[in-house]
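What follows is a pair of complexes built around subunit A, which joins subunit B in one and subunit C in the other.
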Partner chain A sequence: MSRQTILGLGAGIIVLLLFPVFLPRFYVYLVSIILLYGLLATSLNLVLGYGGIFQFHHAVFYGVGAYGTTLMLTKTGLPPMLAFIVGPLASAAFGLVIGIICIRLSKLYFGMLQISLGSLVWAIVYRWYSFTGGDDGIHGIPIPEMLSSPKSAYYYTLIITLASLFVMWKIIRSPFGSALQGIRDNPVRSEMIGINVRMHQLLALVLAGFFAGVAGSLFVVVDNTVFPDMLFWTLSLEILIMCLLGGWFTFLGPMLGAAVIVALRTFVSAYTDYWALVLGIIMMLVILFLPNGILGYVEEKFKRGFMEPEIEGQ
Partner chain B sequence: MLEVTSLSKTFDGFKAVNDANLAVGKGEIVAVIGPNGAGKTTLFNLITGIIKPDSGRVLFKNEDITGLPPHEVCRKRISRSFQIVNVFQRLTVFENVQISVLSREKMTWNLFTPSASLAIKETDEILESVGLLKKKNRTTALLSHGDRKVLEIAMALGGNPEFLILDEPTAGMAAEETSRCIDLIKKLSQTMGLTILFCEHDMEIVFGIANRIMVMVRGGTVIQGSCEEVRCNEAVQDAYLGGSDVCLM
Partner chain C sequence: MDAVYSIISAGVLSQVFVGLSRTTILFIVASGLTLILGVLRIPNVAHGSLYMIGAFTAFTVTKLSGGGSAGFWIALVIAPLIVALISLIAERGMFQFLYEREHLMLLLLTFAFSLVFGDLVKLVWGGEYKSVPVPHIFQGFVPLFGGLPFPLYNLFLLLAGPVVAILLYLLTNKTKMGKIARAAAVDREMVGAVGINVSRVFATVFVIGCYLAGLGGVLVAPTVSVTLGMDHNLIIEAFLIVIMGGLGNIWGALLGALIFGLTQSLGILIWPKFGIIFPYLAVVVVLLFRPTGLLKSTW
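And then the complex of A and B:
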């Protein structure tokens, strides 16, 4: 990492730490939501951008994490902090199950089967009133005292998000991460140099599920509610667009995409009910004009400034 | 070292490989030749596990490896390069070879050590030996075709193989690149003691470096023998030259 990057990141973190001091309560809530959605999108990008796996229904893992955390908090007498570990672990386990079922299929079919299975889970959550609260969801979830104020919820979200991003960054830079990117570029070649492609993809799915679950548990802390729409496929689409918009071959792209989408959604919803339409238009524009996303575009321009890519004659 | 007996593979009723037989001894360089669509690439795919055979056997060092998945075949120290360039496009030249080395050292389950600090020396050595060290930080997508073909071989070397399979290693290369590539193959055989199986359309290259040759036509083995035996074999001339009785070359 260059010195500028470190300085930039440091400055960014300081600003984030200071937000609650001068921002009104609503904006603190909004930034918390952006952070946890950014974490969610980054966890998707671990398998999408770095793993080349068409994870079309990532929201399910987010929902499972949130419901897992909530059910632990409301239905058991176990220490509350445990819930914030159990939720993500449930997501990871669920990622393993879905992974084992879907991994044999090639790209698009993987995504399609995942959407079907995910919708099944959504239907169960939506219907099972006695356990999940059905379509009403669960409100007023009892959060441990130390996390219950908006400010402490914000700081908790910030710390956990940064820690999770750091861990994912390490993973991407590790030999496992290199192998994963190799698999993305060329699965056949990866097999041929001795990499067990399916097992590596499976671990990636479990890790992505885990961090999606962490994001889900953060939502419980920030909003004190869960509802079935958290694992509806439209949310998956939204997360997907965050990755594409921000730049799915960059690490911080999904976080940027989350910031743009969440902010837009908040302000657009104040004027019109047609958020889905706006989202669709954004998606189209990104695909047509920014195939590598905002950050991907910036990176491209930035690199070009220093060195023209050298393409040798055939 | 490698023994292939009556290997067959049918695609939708089309016999791509049909009763192929092949024996490669330790330290040999064996060439597979045959017209386009003869089934050479499919034969290599069958040996390396990318495709599962319908029947027949592949023995490597007297061990049955028929139908093993590619990543296990690789563990037996069999590596290959591909006819159609098959590398990691978004990664650099260095990273391409490094992943191969990391994989061999079973380090790809390591989640927390930075890759950038691992296997540097060995990766550099491999790049040096194939002459790509100067271009190690280039993104693979920006390499010339010839360099990418060489990178193919470098990636195969990352697995520290005993047995190397090269599918048309010089295809599409300029004359000068071709001669460098041939020197490289000779070097791999002579100084590193690798056993090499390759296929190639350029007969000059084939007769220049192969110890023995296997001729494949319509999926089957026509003959396997020394260069001289193959050169004047009638069936080979039938297949190649439409029955004229001149010796090849």
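And then the complex of A and C:
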């Protein structure tokens, strides 16, 4: 990392730390939501952008993490803080199960089988009134005292998000991350030089599931609710859009995409009921004119010669 | 004991018939999807929206023509054509420039279309439930073998499914157009090299596929309440059917629709609360044993 990048990141973190001091409550909430969606999108990018795996139903891990945390908080008498570890672990375990089932399939088939399994989970959550609250979800989740105010929820979200991003950054820079990107670019050659392709992809799925679960548990802290739409497939595609808009192949792109989309959604929804229409048009424009996303475009412009290979489309 | 047995089997039988009429709708929509997927390689998420537009257009046409039973038949002709026209505009205006893009991009692009279409439907028709009356000659019930009443309209659906299947078979296998389309699915460049306008072939296939979505929407309209969000539920089902049957294979779509429709209706009988999960389970089981679908895929 260059000196400027470190300075820029430091300044950004200081600004984020100071937000609750001068921003009204609503904006503190909004930034919390942006952070956790950004974390969710980054975790998707880990498998999609860096792993080249067609993770079509990422929202289901987010939902499992949120429901796992919530059910621990409401249905058991165990120490509350434990729930914030159990939720993400549950979605990591779920990632492992889905991974084992789907990993043999290639590309589009992988994505569709994942959507099918995800819809199965959604259907169960949607119908199981006595356990998950059915289509109403669960409201007014009891949050530990120290996290219950908006400010402390914000700081908790900020710290966990930054820590998770740091860990994911380290993962991508590790030998494992390099191998993963090698698999994305050329699975056959990777196999030839002795990389266990399936194991690497599986581990990536588990890690992505874990961080998506972390994002889910953060939502519980910030919003105190869970509902079945958190596992619906349309949310998965919205997360995909965040990655696309910010720029996959860039580490902070998904965070930027999440910030743009969540902020736009909040402000557009204040004026009109037709947010989906606006989002659809934005998406079309991005796909047509900015296929590498905002950060991808910036990198292309300012760092000549820097070119990341595309996902091999089949 | 005999009486109990006959009641159970009558219940099962009637659920089988309910499942089969559901299969018809699923097949008609999924066959359009699989056609587009097989030839153009576009995973068209907007397919569900076109189905919804078909249903809403059927409502309007029926209403405009006085709400009588003639209205439904007019809608059956006009509504799918309107849907086809919309898809033609979308294809010529946007999709035709993007065939070379990778699937993920196309998936997201068609999702963008589905968002736009969804909100346009909300803008035009509003958020309330709409209902389309069952055409006069299909009102009423017929007794099934067990003596249980079965809606006449569903019987009509049961007949419509095979008719569409046969017409599609003839179209893709017996006409020149269909043969060219199948050739283009395998090797687009080669078909272009022998002097055929591939772009026009693709447009035609796309429009026919979307026409089928609209047709499915019109046919389903009298049996359900026409509402926003009916696209989101259907498109996943249609995709799973297509994947289960083998991408691009029309008979696969039929087989997939049969499995999906029957597990759905019989699942409700077995476990009323969680009947919804059985079709998804079926997809998982099928893909575990046959990862590329039951029948041969054109990919």
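By our rule, the second predicted complex is superposed on the first by the 304 of 314 C-alpha atoms of A that agree within 3 Å, B and C clash if a C-alpha of one lies under 4 Å from a C-alpha of the other, contacts with A are read in each partner's own complex, and residues count from 1 in each chain.
To be clear about the criterion, a residue touches a chain if its C-beta (ideal position, glycine included) is under 8 Å from a C-beta of that chain, and two chains touch if they have at least 3 such contacts.
Keep in mind that this is a model prediction, so the values were computed, not measured.
Participant: With the two structures laid over each other on chain A, which partner does A:K170 touch: subunit B (first), subunit C (second), both, or neither?
Facilitator: first
Participant: Would you check which partner chain A:T234 touches, where first means subunit B only, second means subunit C only, and both and neither mean what they say?
Facilitator: The second partner, subunit C, only.
Participant: Looking at the overlay, does A:R189 come into contact with subunit B only (first), subunit C only (second), both, or neither?
Facilitator: Only subunit B; A:R189 stays clear of subunit C.
Participant: Under the stated touch criterion, which partner chain does A:M283 make contact with: subunit B (first), subunit C (second), both, or neither?
Facilitator: After superposition on chain A, A:M283 lies in contact with subunit C alone.
Participant: For A:L105, decide between first (touching subunit B), second (touching subunit C), both and neither.
Facilitator: In the superposition, A:L105 contacts subunit C only.
Participant: Output check: A:A11 vs subunit B and subunit C. Expected answer is one of first, second, both, neither. What do you get?
Facilitator: So A:A11 meets neither subunit B nor subunit C here.
Participant: I want to verify the contact counts: of subunit B and subunit C, which reaches more residues of subunit A?
Facilitator: Looking at subunit A, the partner in contact with more of its residues is C.
Participant: For A:I115 in the superposed arrangement: first (subunit B), second (subunit C), both or neither?
Facilitator: Second partner only.
Participant: With the two structures laid over each other on chain A, which partner does A:L82 touch: subunit B (first), subunit C (second), both, or neither?
Facilitator: Touch partners of A:L82: none, neither subunit B nor subunit C.
Participant: Enumerate the residues of subunit A that count as touching subunit B in its complex and touching subunit C in the other.
Facilitator: Residues 310-311, 313-314, which sit in both footprints.
Participant: For subunit B, which residues count as touching subunit A in their complex?
Facilitator: Touch residues, subunit B against subunit A: 48-50, 69-71, 74-75, 79-80, 82, 86-91, 95-96, 98-100, 102-104, 107-116, 118, 138-139, 142-145, 147, 155-156, 158-159.
Participant: If we count contacts the way the header does, which residues on subunit C are in touch with subunit A in the complex?
Facilitator: Against subunit A, the touching part of subunit C is residues 43, 45, 94, 98, 101-105, 107-109, 111-116, 118-120, 122-123, 232, 236, 239-240, 243, 247, 273-274, 276-277, 280-281, 283-284, 287-288, 291-292.
Participant: Subunit B touches which residues of subunit A in the complex?
Facilitator: 170-171, 173-179, 181-182, 184-186, 188-197, 200, 203, 249, 309-314
Participant: Once bound in the complex, which stretches of subunit A touch subunit C?
Facilitator: Residues 54, 56, 101, 104-105, 107-109, 112-113, 115-117, 119-120, 123-124, 126-128, 232-234, 237, 240-241, 244, 273-274, 276-277, 279-281, 283-284, 287-288, 291, 310-311, 313-314.
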